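Look for chain A in each of the two complexes below; its partner is chain B in the first and chain C in the second.
Entry: the complex of A and B
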């Protein structure tokens, strides 16, 4: 009952947060320099032409009036029409979201796998050169930003050894049987592993670029948590019972040490989605991040608003999910 | 990052084992793949911001035809219109439409399509940004293969706009049947390629139009990938993933042109510095000193690896009103004297702000840094302020630019009205220098019916501008294009990269 109450309270605060985000974004992007009409003015346009185009895109009204019109539309599910793409914003955003979610999920999977493995190996071989090598590797991974990893990967596996595709999400010449934009998921569900392979060939490098810094963070935190837990009495008891070190780490220490990492993974996932903006641009990946950059360059106000609102929804939803998972894993929270 | 022979071999073996590559072979080109530098937001070439984006025009011209064809040297040629002109009294226009052309859906192209496209372009409700030009024609009628219209306001460049921004012919019957949304989803034109598949933000796949009136293109299938990052574009063509790419850093172009085919051709874009008629720029000595203190050729040689053509007016050698006799040569001694006459020196420099983009055009910021360095030597202390291009447009439209502001100007029809005219005519929202003397000189040229007199008039204006230093023209840009062996690219002086002009070697 307490859990349901907490969830309801969280949903209310989420709604308030989203309204606040919408309000700020709407006003800020209209106040900062760069107006979409000035962007499309041809040579020779007169003041009358400027006024005509301004009215055509509804920018002649006061900002509060524009906000009222827009927010009323949003409540009906109408986020407006993109100025540059001339398509409904909601459809555009929902079309591109699956690509970003799949890329982020793959990056997260890689980060958890690499970071978790490194942490477990580092803990198992603590005090040896292997642990030192893992620490050095973590330091390197953290000190290089994701887009630079992307460039290194392009050079290594795109040009020098062309293992993977450099740009795009899928080979254009392929015939796609998909009914949703979750290409990777659908290719697996439909058992079209030829398409899965092609999709992965496009996704591996951007996903790795996103995953490497996150893997280092996961590795460091999990290793530290494991180290702390390894000194506790119940772990010592497990050892005296005769369990091997690997068993002790995996079965006794890991379940307790993983909780802070789980919280971190949740928080980092939202940052991971934010990080796709640069990585998607670099790899010309047709996700939300790439579209966001174009929207900002072109001052496509309705599209910027739609993307930011969607990002905000994802961020709050992921945070909510993490809190719920934390409650489910943590007995103290579950039982009050 | 060091790689040894063993690791290279191991990774190559891993590549073969995984079978992940699926990359196109370098030898045979069944499907031409182009790594293009911009995305295509919309398929309507007559409305919205895409319609006035010069870089996107190459994509539009692959699918749609313009009223009049523009050749690679910017000159007009018969296209969908085979003949055009004014009546002797300039009160009507007449056009003849090409016979035997079909739309991509097989339906016949007619004079009705031309009349409808012109009428639609002139309708302010459609949101055509060039509506103010198209609305100079009225009462547009089709009869057989002829189209006629009344001249509501004489616009000497109307036929030039027919191969410039938004000058495209769209299918009347098809558009009315499917509507704007249907057209976005499945666009058709009369152009050399048909749209087979389009993934917004990713690529467009084109199939050759076998019935194209200009002859079937060499490459049956063309995929244009939107690769906006220059490093990724270079990697695309270097790895063999793509066969053609453009607009990479000149250093990368020089590095790769030995192993790949390289074409570096001057295009109709220019780099310039707007001067605003405010503050110290009201002093002619300061303006003139700022002009002659810039060593354009050295800047091009050092910063742009020699890829650029110095210019002294806003007309490039391809433009109709280019006059080679107008010169503003580099003369730092003269700059020092001019500044001294106004009481300025190296010890007591004249100060102002210069605005520039950073990374919008090749080495834009670095060029301004170099110019500021040259200015400092003669007694000009300029402070650099960077801004986004969107801010430039807004400031320019509001006439709030700094005393000096770097910008690039495109004019792919080469007419002086669309270069000097709109850039320097005070009442235009694009002009920055708004002095009355210049307005008086330019004003009568807008409606001048005598073409020779009109062009000479613009040459005179360019000379007057150069003598008074109302603007600082810098250079004509050169567009670098790289292609793999087996593809021969014909560059277009407008900067449009056109797949149908690419041939098999």
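Entry: the complex of A and C
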């Protein structure tokens, strides 16, 4: 009963959040300067042409009326038609979403792996030079934003030492057997590891750029929590039982130290998804972020709205997932 | 030979103050020895030194800790840990923080048996059941599957006692095991520890600041002040005729249930000054 109530409450707050986001985006992009119709028409177009096209897209009506029309459409699953591409917004967005999701997931995986390993090593060798080196590395990784890491990586592994691809999602000359846009997942499922390799070679640089700052945050916070937990009585008790330091860290301390990090990873992961917008541009990666920039440049109002709503849905979904993980890791929350 | 024999053990904060000043102490097989002193006297530090859980900022400067004929301080870390894990166990002070909150109770009792001593899982689980019954927990199956937060403080201390006796250790160090408990539960837990000790014939080093507890549970006791051994005596001898002025002052400072209106006597200044002089002399001898 309690669970059902909690889920319902969650759904209601999510709906309110999404409505707020929709409202703000809708009004803001209509208030900022720039006219999508003017960008579509050739220089010689007359005022009458402009007026006709404006009416066609409904942009002559008042903003609240426009919002009403658009939002009733959205409730029926109709997000309108992109002004520049003349395709339904929903289809466009869903086409580009898998690329961004795969990139973010890979970045998150790399960040957790690198950050977690650094935290564990730093805790195991606390007080030594290794820990000091990890702290210095964290500081460096944190003081440079993701897109600059992207540029650094392009320079290092794309230009000076060309180990990886730095443009696009996959080599264009390859023929693709895929039926969905989750290329990476599908290549593994279809056992086409040659394609997996090519995809990863394209994805690893942008994913690293996104992952490095997050890895540093994870490493810093997790190491901090681990060191705090290492002073607690049950850890000391485990030591008296004959367990070694590594076992004590992994079995006794880690499950209890991971909670604050988990919350932070949830919050930071949403920032990471936000970071894909610029990173995808930098690496010409055909995802949602890249499309978002094009949409903004072309003042493609329906497309911008669709993308922002989708981002908002992803953010709330990630937060929900974090809360569920929290309950899994902390038995004290399970019945609360 | 004594089961546990500490010889001239000195411990200090790294590059700083000394915490134990050439402490020597023996525990015979099956003996129950009280280790008493004010807070800061170093009584818990002795327990930590034996079990190898001294804080990182603390180091052993000199001395020997013989456990069953082997000097622990000469062993490399891994064999030392294993030896301690097999021969000794700890009953910790605060049952609320001494169980891992994210693990079920059962594995926390059987872990040492399976991981360190190489028991088979069913054997270890049977042993855990047997022990929980022995510490008078009647809903054994349910408790084994519980997380610590689902149990009361007294219940958790019973589990920790069961866990300490799990591997039939020859020495148990009880570090103020009743301090964090309700007065009503304290008595039951004390009786339980005493009963378990007698039944298993385990040597027990009972760290406490409560002389009343010592008189009930222990056979012998060691009085500490400032990391120095002030007096060693049998419990009977100590309570009848304490030798050291500090011991007499401690006894006088203990509230008596029979005379609740009697004023509590602080330790006289002269006694404290004499002790501080002794501590200073020990440090001069050390540096000298």
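Please note the rule applied: the second predicted complex is superposed on the first by the 335 of 336 C-alpha atoms of A that agree within 3 Å, B and C clash if a C-alpha of one lies under 4 Å from a C-alpha of the other, contacts with A are read in each partner's own complex, and residues count from 1 in each chain.
Convention: a contact is a pair of C-beta atoms (placed from the backbone, for glycine too) under 8 Å apart; a residue touches a chain by one contact, two chains touch by 3 or more.
Nothing here was measured: the structure is a model prediction, and the numbers come from that model.
Three-chain overlay on chain A, with chain B and chain C fitting side by side and no clash. Contacts of A:8 after superposition: neither chain B nor chain C is touched.
In the superposition on chain A, contact of A:252 is made with chain C only, not with chain B.
In the superposition on chain A, contact is made by A:237 with chain C only, not with chain B. Looking at the shared chain after the overlay, A:155 reaches chain B, while chain C stays out of its contact range.
Of the two partner chains placed by the overlay, neither chain B nor chain C lies in contact with A:136. In the superposition on chain A, A:321 makes contact with neither chain B nor chain C. Taking chain A as the reference chain, the count of touched residues is higher for B when chain B and chain C are set side by side. Contact with neither chain B nor chain C is seen for A:68 once the two complexes are overlaid on the shared chain.
In the superposition on chain A, A:47 contacts chain B only, with no contact to chain C.
With chain A fitted onto itself, chain B and chain C come no nearer than 38 Å, counting C-alpha atoms only.
Shared contact residues of chain A, touching chain B in one structure and chain C in the other, are absent. Interface residues of chain A facing chain C in the complex, by the touch rule stated above, are 127, 232-234, 236-244, 247, 252, 255-256, 329-332.
Chain A makes touch with chain B in their complex at residues 33-36, 38-50, 52-53, 56, 82-87, 92, 95-96, 151-152, 154-169, 171-173, 197-198, 200-201, 204, 281-284, 286, 290-291, 293-294, 297-299. Of all residues in chain C, those touching chain A in their complex are 51-53, 56, 77-78, 81-82, 84-86, 88-90, 92-94, 97-103, 111-112, 115-116, 147, 149, 160. Residue ranges on chain B touching chain A, taken from their complex, read 1, 3, 8, 11-12, 14-15, 18-23, 31, 35, 39, 41-42, 44, 47-52, 124, 127, 129-133, 165, 180, 184, 197, 199-203, 205, 221, 223, 225-229, 231-232, 235-236, 238-241, 387-388, 390-391, 393-397, 411, 417-418, 421-423, 427-430.
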